[in-house]
Amino acid sequence: MTADLLFDPAHRELARTLHEPVADLPLVCPHTHVDPWLLADPEATLGTPAQLFVIPDHYVLRLLHSQGVALEHLGVPARDGIAVERDHRRIWQRFAERLDVLAATPTGLWLWRALRHVFGVERALSGATAQLVYDELEDKLARPEFAPRALLDRFGVEVLCTTDAVTDDLAAHRALHDQGWNGRVRPTLRADALLELDRTGWAADAQRLGELTGVEVTGHRTLIAALEARRDAFRALGAVAVDVSVTVPRSAPLTVAEAEVRVGRALRGQATHADAQAFAAHLLMELARMSREDGLVLQLHAGSLRNHHRAGLARFGPDIGADIPVATEWTRSLQPLLSEHGDDPALRLIAFTLDESTLSRELAPLAGYYPALRLGAPWWFLDSPGGIRRFLDAAAEVCGVANLAGFVDDTRAFASIPARHDVWRRVSADWLAGLVLTGRLDEPGAHRLARELAVDLARRAYRLDAG
Amino acid sequence: MTADLLFDPAHRELARTLHEPVADLPLVCPHTHVDPWLLADPEATLGTPAQLFVIPDHYVLRLLHSQGVALEHLGVPARDGIAVERDHRRIWQRFAERLDVLAATPTGLWLWRALRHVFGVERALSGATAQLVYDELEDKLARPEFAPRALLDRFGVEVLCTTDAVTDDLAAHRALHDQGWNGRVRPTLRADALLELDRTGWAADAQRLGELTGVEVTGHRTLIAALEARRDAFRALGAVAVDVSVTVPRSAPLTVAEAEVRVGRALRGQATHADAQAFAAHLLMELARMSREDGLVLQLHAGSLRNHHRAGLARFGPDIGADIPVATEWTRSLQPLLSEHGDDPALRLIAFTLDESTLSRELAPLAGYYPALRLGAPWWFLDSPGGIRRFLDAAAEVCGVANLAGFVDDTRAFASIPARHDVWRRVSADWLAGLVLTGRLDEPGAHRLARELAVDLARRAYRLDAG
Amino acid sequence: MTADLLFDPAHRELARTLHEPVADLPLVCPHTHVDPWLLADPEATLGTPAQLFVIPDHYVLRLLHSQGVALEHLGVPARDGIAVERDHRRIWQRFAERLDVLAATPTGLWLWRALRHVFGVERALSGATAQLVYDELEDKLARPEFAPRALLDRFGVEVLCTTDAVTDDLAAHRALHDQGWNGRVRPTLRADALLELDRTGWAADAQRLGELTGVEVTGHRTLIAALEARRDAFRALGAVAVDVSVTVPRSAPLTVAEAEVRVGRALRGQATHADAQAFAAHLLMELARMSREDGLVLQLHAGSLRNHHRAGLARFGPDIGADIPVATEWTRSLQPLLSEHGDDPALRLIAFTLDESTLSRELAPLAGYYPALRLGAPWWFLDSPGGIRRFLDAAAEVCGVANLAGFVDDTRAFASIPARHDVWRRVSADWLAGLVLTGRLDEPGAHRLARELAVDLARRAYRLDAG
C-alpha cells in the first residue's frame, strides 16, 4: 500500500510511473521553521520523543487540546507559574492515548511516516504500546545516525532555509558559514517585528535593529536604512528571501513626511492602531521596492489572525495552534504594490493564502498576469492531501503550473520533512495522472511537470538555481 | 443499483463493506423541525400526500416556484386573502408535472426514496401517474402502520429532538412525558424570539416568557432569570440543547448597565437597530455562559438572510424557501465568546454554516483548537451528496473526524428522515473507502469512523450518550 | 484519446454514450465578443495566425506576460508611442516558444483543438516548428473555406450574439439584416457606457446616445427614454439580450428627483464617485424594469475589477488580461431588484459570477427560488474543465439543472468556439455519467439533461426558442 499511497485507484499505474522518477530527487526547503542551531551545533540532538513529536508541534498540540487535553499536561511551558508536566514519558503516553483525533489528518499521516520511515518503528503506536515505542525512539535518537546533520543527509536535503527575526544576531548562521556549509542552510529575514507600530516592544526592536546594523533608528528614513543594512547582512550569510506575515495584505504608500510622523510616534511608544495599519501597508510597498533592488524574494503570508485564544496567549504565548484564518482580500489590497512593481521580473513576490476561495478568484488570476508574482504552496491548514489537490485544481488551470512557486514544507517538526515533500510529490503525480488520463496533457509533459513541481519550481521561484 | 447508491464506482466494493454494518443502526435525530404533536397525539396522521410532500416543505416549494409555479397554486396559505388552491389532488398534479426541476437534487432523491422505501410505491411519479400515486399514498396514509408513531418505530429512531420556541407552552412535550416516552422525543429551546430587540412583538414575547416562568420581565436581569427558568423547564422535559439562528454570529458582552438600557428600550417598543445588534452579540455570550453552567448544548445556525423576498413574506409569511445565505465571518465574530468560554469542555457549542468557504478557513481550524466547539453537519442547501462530500473533504483533514458533531437531518418532512440519514451514511462510507484505498486509513479505522459518523458523534456531541 | 477527452476513466463508457448524441448538435452562442464585421463583411478574413491566436486574445496575452514577455513584443498596440512588434512571424515565434505556460490550462486545450480540428495542423507547435505551422496556417487562412462565414457554417453555429456598445451605430448588424441573415447573428446591447457617471466620456456617450435615438439627453428622464429607444433599435435588429458588467452588483432605486440631480451633474462633468455608485445601483433597477417590459434578457456580469494594472492600462488600454476578480456579494445586493421584479417570469435575469464561493452560497439558492433568475455559465477564469465541473457540482444540487442558463462561450477568439462548446458538453456528459453511476439519475434522464445542457437551456434562457 505504501507504494501507492495517495494515488487514486483509477490512476494508480500512471501515478506510480510519474512519481517514481521524482520520489528520490533532492529536497528543496526554501521556507521552514527549523531551529538553525540544530544544524549549526555539531552536538545537537532531536531531544526526547516528546520534544520531537509533541511539545513544540502546534499541529499536534491543537488537535489534542481540542479534545480536552490541557496544554500544560503536554509539557507546553507556561508563563504564569502553573504546574507543567515534566515527565516526557507521561506526555508521550497522553499523546499516544489520543491518537484517534489524528485519524484522516495530515498530522497523523506525517507522524506515521516519520515513525515508520525515519525511525523504522514497526509497532503501531497506541496507548498500549506507547512506552515500548518511546524506548525504541529514545534508543535511536541517541545514535549518531539520528543526529540532525545525519538526517539532513539521509533526507537528501539540498538546501534548507530557516526563518529568523530581523533582530536575530544570526550567530547560528555565522557558525554554519564558518563551518563551510556553503549555503546549504540559509537564513530568511522575517520582518514581522517591524510591522506593527503599536505593538509593545516595537521601539525596543527598532533600537535593537539599530544596534545590529550600526544605523541608529531615529525615524522612518533611518529605519529603512537599518532594514536595508540588515538585509545585506542576511544576504551575506546566504539568505535568498525575506518573509512577512500579515493578517490583511494591504499595500499603500505613505509620503515620507507621514511615514516620519508615524514612526516617530512609535519610537516614543505612542503609535495608534491607525498608525500601525497605515505603516504596515507602507512597509509592504517598501519591502517590494527593496526586493526589486536587492533581489531577495519577498514571501507574503497573509490571512492568519494570530493568538485567537486570549487566555491561551496569556498563559502559553504564541504558536499553540490558536492562529485562525480569516477571509483575505488580495485583489484590491495588492493593487498599489503590483501596479507599481508587479511588471518587473526583478521583483519576486510569493503569496501564501489560507483562504481557498481566493485561489481561483484572486491569486491565480493575479499570478497569471503579473511577472513579479508567484503563487505559494498551500499552507498551514491546507498542506494536506486534500488541500494540495484542491490547490492544484483551483490554481493551475487559471495561472498555469509555471506560475506556482512549488512546494515549501513550512515545518518546525524536523522528522516530518520527508513525509511532507512526499505527500506533495504523490498528490502532484496523481493530479498529473488525472490530466493525462483525461487527455489534457501528454505523458512526456506530465513527467516534465512532475519534476517542476517536485523541485524545479521551488528552485526557480527562490532563485536557488542561480548559483 | 439501490444497494450501491452514492458509491463511487471505483470504491464500490469497499464502500458497501463499510456501509453495511451501519446501514441499520438506530437513527439519532438531535435537530429536527418535526411537529411534536405528530407524536404526542395518538390520533395524528401525516395528512394527504400534498400535506406530506408539498405544502409545508420549503425545499420543494422553492424549486417549483423558481420554475414559475405560484405558491398559492401549491396550497401555501396566504395572509392577504388571495385565492389559495384547496384541492390537494390538483396540488399533487402540479407537483408531479414539474418534477423535472428536482432532477439531480437531494430533494428529488429524498422524494424518490420516501415513495419507494417508506410507502412502497413502485410506479414512477409523473404527470401521467400522479393521480394513481395519489390514490396509493392516500390509501396507505390512512392505515395504522403509516401513522407517525408507527413510522418512528419502523425508521428505528432512537431519539428525536424537535425545535420549540422559548415561548412555547410545551404542551405537546408534557403530553409525551406523561405518556411515558421517556426521552425518545425531546424539545429544543429555540431562543430566536428573544434575539432581535427591534422586532415587532419582542416585548410581547418577553412578557409571555415572564408568564410562562413566573419571573416578570422588567429589564435585562429579569429577562436572563426568566430565560434560565425556561431552560430548566425545557430540561425537565428532556431537552439536551438550545438553538439560536442568527444572520451574523457576532459575540460581544455588554456591561450590565448597557444591557439594562437596551432591554428597557425594547420593553417600551423603542429599541433601535443598533440596540438589536448589540444585544444579539451579548445574548450569544450569555447563552454560552448558561450552557456552560447547565450543560445544554448550544447550537448556532448562522448565515441565513431570512425572508429575502419581501413580497413573498408579506403574502405567505416565512419558510417558503426564500431564506438565502450570506458570507459569514466566524473567526473574529466568535473570538470574544471562545476566548471567554471556549477552553471549557463543559460548554458544548455546535456551529452550523451555509458558507462552505468557512469550513477549511475558519470553522475547522476553530474546532481543531477549542474543546468547547464541534462542527455541525452540512445544513439546508448543503445537505446533499455533493455538499456532504465537500464538507468531509474540507473539514476532516483540518479538525479531525473527532471534532465533527455528526449528522442532523434538520427536517420538517417526516417521511424523508430515513433517506437523509442514509445519504449521510452512504457518502460517509464512500469517503472513508477513498481514504482506505489511498492508504490514509486502515480498514478497522474506517469501520470505527463509519460508526462514529453514523451515530456516535451525534450522540456524544448532544450528550445523548450520558443517560 | 481525443474520443474520450475529459472523461473520467471510471465513467468513460457511459460518458461517451451520453456525449455522442449531443456532440454535433448546433452551437448556440448567445454571448460572444466576436466582431460582427467578421460576418457582415463578405470579404473579411481571420487575418494572420498572430492576429487570430495571439494579439487580441487576452487569455493568451496574460499568461505570456506573466512569464515576462512584454506585451509590445506580442504586437499589442500601445498608446504611448513605444515600439511595438509588427512582424507577425516574430510574434508567433515568441508565442510558440513559451507554450509551456499553457500546459494544463483551458487556453492550451482550446489552442490545440483549434489547430488540430479547425485547421488540420498535425504538427505539434513549438519553437522549432513555429514557422512551419505559421506557413500552414497562413496558407489555410487565405482559402475561402477558412473565411469566417464558411467556418460559421462548418462549426454548425445556429445563432451567435455579439456584444455591442449602447452607443454603437449597429452598421454591421444593419448590413447583416439587409443581407438576409435572418437573426442568425444578433446584436446585444452592452449598457456599461452609461453606468459610471463619473467616468470621463460619460457625458459624450450620453450625447451620442441622444443623437442615435433622436431623444436629446438632458437629464434622467430623457436618458431613460433614449435608452428605451435604443433597446427598441437593437430589438429591431434581432437582439434578445442586454448585458451589463459591474464590479459590485448592487441594486437600489433612486427617487426621480435624486436621479435627475445626479445625472444632471454627470452631464456637466461634475459627477462624484458617490453619484456613480448610487446611479449604477439605480440603473440596474431600471434595466430590470425595462427587461420585464420589453422582454430583452438581462445579463449581469459582476465581480471583475477592471484594469488592475494601472501602468498597463495607461500603455495598452483595457482587455490585456489584467481584469481581476474580487469577492462578490449577491444576496443583499440583489435583494431590492429581486424583491421588486424577481417573482415575474417576464423578467429574465442571468447572473454570471467569478467568485465560486457564491455558487452554493448565494446564486444557486437565489436561482432556486426566484422565477426571474437563471444562473449563468462559468465565466472568464472559470470556463475550464475543472471550473465547469465545480460549477455543476456546486450549483445543480441547489437550484436544479433547470435553473441554469446553459453555456455561453464568451469568446473573442473565433477559432476557439467549437472547442469551448465541446469542453462544456464533454464535462457535462462526464458529470451526468457520475450521477447515473452513483444512482442519482437514470440513463434516460441523463440523456435528457445532456441535451438541455448542450443547447436547450441556452435557447430557453435567451428566449431563442420562441421564434
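A few notes on this one:
To keep things simple, chains are lettered A, B and C as they appear, and every chain counts its residues starting from 1.
The rule we apply is simple: a residue touches a chain if its C-beta (ideal position, glycine included) is under 8 Å from a C-beta of that chain, and two chains touch if they have at least 3 such contacts.
Fair warning: this is a prediction, and the values are worked out from it, not measured in the lab.
Two copies of one chain, chain A and chain B, form a contact in which under half of the residue numbers belong to both partners.
Matching CA atoms, the turn from chain A to chain C amounts to 120°, rounded to the nearest 5. The mean-CA centres of chain A and chain B are about 40 angstrom from one another, to the nearest whole unit.
Residue positions of chain A touching 2 or more other chains: 10, 327, 357.
Considering their complex, residues 10-11, 327, 329, 331-332, 335, 338-339, 342-343, 345, 357, 360-362, 364-371, 373, 393-394, 396-403, 435, 437-441, 445, 449 of chain B touch chain A.
Considering their complex, residues 1-2, 4-10, 62-63, 65-68, 100-106, 109, 305, 308-312, 321-322, 324-327, 354-357, 381-382, 384-387, 390 of chain B touch chain C.
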